[in-house]
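Just below sit the structures, each encoded as structure tokens.
Each of the two complexes below includes chain A, the first together with chain B, the second together with chain C.
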Partner chain A sequence: MIKETTRKKGRADANPSKAKPLIGVFGITGCAGCQLSIIFNEDDILDLIDLVDLRAFPFIKEVNPEEHFDICIIEGLVADKGDLERIKKLRGNSKMVVSLGACACTGCVPAYRQFTLKENYEHLLYQKMEEIQDVKPTPIDAHIKVDYYIPGCPPDKKQILAFIKGAVAGRIPKPYDSPVCIECRQNGNACLLDVGKPCLGPITAGGCDAVCINGGFECWGCRGPTKDMHLDLMIDILRAKGFDDRFIQDRMRTFVGLKLPMLEKVMKKTSEVNVTFKGMPAQRGLP
Partner chain B sequence: MQVFRQDKKRWREFLIRLSRSAELIAPVKTDLLRFEPITDPEQIYLEKNAYFPLKEWFFRKEEVIFQFTGNKLTVPAFTAPKQRIFFGVRKCDLNAIRHQDMVFINDVGDPYYKAQREHSLLLGYHCNTAPSQYCFCGSMDLVDFFDLMFYDKEDYFLIEVGSDRGEALIAEHHDLFEQHNRLITQDEKHIPGADRLKVKDIAHLYDNPGWKEGVDKCLSCGACTALCPTCYCFEFHDETKLADPQSGERKRFWSSCQLQDFTRVAGDHVFRKEREERFKHRIYHQLDYFREKYGIQMCVGCGRCIEGCPTRIDFVDIINRMERPEKKEA
Partner chain C sequence: MLRNITLNHITKIEGHAKLDLAIDNGKVTTCHLSATEGARYFEGLVKNRKFYEAHEMTSRICGICSCGHVVAAVQAIEDALGFQPSAQTFRLRELLTLGERIRSHATHLYFLALPDYLGYESALAMAPTYKAELMKALGLMKIGNAIVKLLGARDLHPVSATPGGWLHLPSTGELRAVAKELEKAKKDAIATCSLFASLTHPDFDSPSEWFSLKHESEYAMLRGDFHSPRVVFECHKLHDFVREYHEDYSTANFVVVKGGRQYMLGALPRLNNNASQLSKDAKAMVKKVRLRLPSSNPYHQNLAQAIELIHAIDHAHDICSALEVTDEKPPKLSPKAGHGIAAVEVPRGTLWHEYTLDADGMITYANIITPTAQNLLSMQEDIKRVLPSILGKKKEDIVMDVEKLIRAYDPCFSCSAHFLEVNWDEH
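Here is the complex of A and B:
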């Protein structure tokens, strides 16, 4: 307790006259990993709680009113009727809504079943629980207006902090729209495409510090395509590396399928032209 | 310039001594070839040129420009690293450092870069043949720029002195060197197999349809600019403190002209929105715009941008074929 008072005393309050922004953090259908990413900011979490008024965070708090938010951060995607009602209510009670994580931003893995026929998964759905009513799995911006996106599966914990800091100071950070390759090469990694791994870094927005590739694991594109992606070339490269169309399509759809509605068309278009790459290593590694 | 001779046994001894008194940085083969601090000369790998350039040692990927609290700025103290000796630097990389010096030291007097460049000795290693199929340094106007240059003669090295500091280093370890009574000839300095780029001036080629071939295979991933030893574009970001959003740091990071975000300005206007414009901009900056300003081409012909490109876009080949379309290869 004594420690707590000293810590608070030593710091000048940035803007004492201004009320702290009211923040709510909610999860709908999802794994809660993105909410966990907020908590992973262990060294900063006490300062964070001083900076904002954490009104609701059911994951870690007992009392959680669901109204009057300046910023409402939502994790997960809409997969049943309850989710839908909940986010509509939250939207109505919030000045700003933020999608946290790949499910909320792009649909992520749970939305993958949109690309298959219902009979392929129907038997896997909850059959006997009436309170769970299945709807088409969709990211939250398919239903409500979203003001800011923090993508990633899971999102980068520093990016969450940067957003909250920025929002408090009135300088919301600009979304990161450069490919993963930028940070990857700057980190001194070898290109995984060169060793035959199906890395989607060149068409995927970074901001993650290329964390997967730093660990030797190829990019699956969880943060969504860049605005400037060269999709047809990416497909041609993967084909030249020996990956078949089924594999390429599945891989690209795993995290951000809903953000690539043109994929089938582009695959068809590019399959009509045989592109060759002079000098590019073509060996296929283990997928 | 003075020339010395050193046999390879003594060369090891020389490097061991250097590593005791300074930080010795040389190419080491891990997954790829890169410059790393070493303690044992056995770690040095000289068969090929390093995949990653030397620039990150001087023009750092992330640099704190100043700290701020409200409107009050504090510039961090320039703590130059202790004496650093770089061994095994090729002619292209040495010239790349010269070109970056022109920009950061001579032109703008950048104190952050200067602090890194001070107390650095550059010991070159001459390429007897072009170390990579992508090299084209012979087509560029490279000069002698080094403290010492090592010419590998199988059993021994010939060492050319390029500066007073290089000479002082030899004087300090004079027991390991012998005077050599002839100069290095122009023939010895020539690097065979490295004059691939046949076109000196590309200004008139800007609208040539030949660029399309490269643009079609460009992912705009920025690998070329990150691996380039001369590319020096950067961007700034402010990082505020959580406990006090009015204070924080302004940092400089590497950036890349291949990104749309690089030319995104207020009002969300993007100057080089098209991939083609960005693709050409890098090559024109390297071969044309830089020359307009500084009198020499910025590119040093190391070929890293080709070797590191995921699709191996060979802009040298593309330019050559624009000028001589009849020699079109398959």
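Here is the complex of A and C:
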């Protein structure tokens, strides 16, 4: 029989031990999806709290002391003054700061605002309290040092777990830097570029098991560009498929625009050279 | 004596919110519930984008309701293009939405609400004593997640639903396998109901009018009219009956219906309006736990969610055990100028998406009204109303009662941080 009580009792760490690393999970402006991804590890979440001291996680915990964290995991992007103050404070209190998910790593869709016309959203602006005054929408590393990135919108929930377990054991997983196409081919998917869809898989870091393409949907690049991407070739392929420059630019900037500062220049350069890929029929890319 | 209470970071909710209270000689002089999320301007971001890009972008408004946002966006775009989806497409959209409802209710009930009732700071702190209960929660979350992943290809922000239909279809065999899992999960949903029925829900009577979709042939989810016991509104006439306004202390809008009335959305209003259309076992459970409907006590939202868990499992089971999947490819939709509105019942209530397209299929206007924005006034006024009766308590107990009330609404402040055109008066 379950007893109700009004007194708070119990901490997350039922068996506190000094050896357990102190972990904090925080969200700034975002959709809470990355934090949900942590608890959606249904088979493992209860074991995780035996492994670490989950000291702060305001999304699911009432008591959240902001102590010195060994690992501080932050979801969301910096969109207002409160976010900025918060991450600076957390950085000061943490040995290691981890950007969790696309907002924290690249600014994700909200940072696409930096590339849209002000007239698109200025009618939505209004005066706000001091603490929620807007700042330019930016990923966390635009303001503080970030030690590790878990990319994706949302990140693979198992990778979050693998990172925490690895960090506890002193073996932090290496970032995945091969394009999405590798896993996509392994999964036996037909190439979406071949059927005229604007897939950004070739320039996007994988590690996601190409989930979107498995589901029939083209890659929008949420995990960020690979280090040695061929942006010029990607642009040419998309042009050859019949996509106009504005569409290509908007699509590439939706999730990771701030990580593609060279985009405009490359687009200009490639349009001058005017490379065309033979054998690729130009098609309108409607789904 | 003047007392000020500020809850700067309300925990165990989606997103960020704060509450400012001032009490002067036993009278509540200030009660401001506000979203303190940074502004994201989604409605501005989708402007000048193609009609088939809206759902992929707007699903990022919210993690826990991302399926709802996708379905609402896709249906609003189809409405603008004058397209009618096939019966199979519609059934699978229902299934996607049900998967989300199961995992969202399970997460809210066990991880966000239950610790309040049992006196723990978190579900994780309950683990040593209440492991069996938590395993039920995780099992329900798992089946919900499995449905979303099967249909949407991902756990959050599903990608396979598109204007016109589905880019990827589950096989009939995969649906049957899910049906088997749902049968197993059913007993956990029933146990969840019994558990929440055994808790003491504070007595409270909210003056809010309860609204939900209502449809003649089903427990409404993706279609129907917008109903309360007093009025029926046709969803297409959204602007005739809903008005949004802004307060400077929040990044969320307040929403009222015609005549300035506050209203409540979510599982309880759905039960109040549509209980006769629940599944057989869910109906039996309403009787068994003696939930008297209609109820105007927002604390009953939790129990209503538990009952909806049974219904959602039954409904999902009906789809998974009966649907023979045919290989339908989404048709190529031709762009044309138009205006579309869609309303969808997501876990927290009725979600509205509205788009205007030009002749090239570019989005020229977008408007999104989330359940939490609509519940905000009701939540705030309920807090104001409940306070006088609990003012004699210690500050920490007042805070606890107020938080319990806020969490009963299952607010999602990530979602509600939404913006509209406001004429700002300097004064």
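Simple rule for what comes next: the second predicted complex is superposed on the first by the 255 of 287 C-alpha atoms of A that agree within 3 Å, B and C clash if a C-alpha of one lies under 4 Å from a C-alpha of the other, contacts with A are read in each partner's own complex, and residues count from 1 in each chain.
The working rule: a contact is a pair of C-beta atoms (placed from the backbone, for glycine too) under 8 Å apart; a residue touches a chain by one contact, two chains touch by 3 or more.
As the structure is a prediction and not an experimental result, all values here were calculated from the model.
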| query | Thinking of the overlay built on chain A, is A:Asp47 touched by chain B (first), by chain C (second), by both, or by neither? | reply | first
| task | Classify the contacts of A:Asn214 with the two partner chains as first (chain B alone), second (chain C alone), both, or neither. | result | second
| Where does A:Cys108 make contact in the superposed view: on chain B (first), on chain C (second), on both, or on neither? | second
| Which partner, chain B or chain C, is in contact with more residues of chain A? | C
| message | Under the stated touch criterion, which partner chain does A:Asp83 make contact with: chain B (first), chain C (second), both, or neither? | response | second
| Partner chain in contact with A:Lys61 - chain B first, chain C second, else both or neither | second
| task | Report for A:Cys153: first if it touches chain B alone, second if chain C alone, otherwise both or neither. | result | second
| Does chain B (first) or chain C (second) touch A:Gln186, or do both, or does neither? | first
| query | Between chain B (first) and chain C (second), which, if any, makes contact with A:Asp70: first, second, both or neither? | reply | neither
| remark: Going through chain A, the residues touched by chain B and also by chain C turn out to be 11-12, 14
| said: Taking the touch rule as given, give the residues of chain A at its contact with chain B in the complex, in rising order. | reply: 11-12, 14, 44, 47-48, 50-51, 161-162, 165-166, 168-169, 177-179, 181-182, 185-186, 188, 190-191, 193-194, 201-203, 227-228, 230, 233-234, 237, 277-280
| Complex interface listing, chain B residues touching chain A | 31-32, 34, 51-52, 61, 216-223, 226-227, 239-240, 242-246, 254, 256, 259-261, 275, 308, 310-312, 314
| In their complex, what parts of chain A are in touch with chain C? | 1-12, 14, 27-37, 39-40, 42-43, 45-46, 49, 54, 57-64, 77-80, 82-83, 108-110, 112-113, 116-117, 120-129, 131-132, 134-135, 137, 153-154, 157, 211-212, 214-217, 220, 247, 250-251, 254, 286-287
| message | With touch defined as at the start, can you tell me which chain C residues reach chain A in the complex? | response | 9, 11-16, 36-45, 47-50, 52-53, 56-57, 60-64, 66, 103, 107, 111-112, 115, 117-131, 133-134, 138-139, 141-142, 145, 152-160, 162-164, 166-168, 195, 198-200, 246, 248-249, 251, 330, 332-333, 397, 400, 412, 414, 417, 419-422, 424
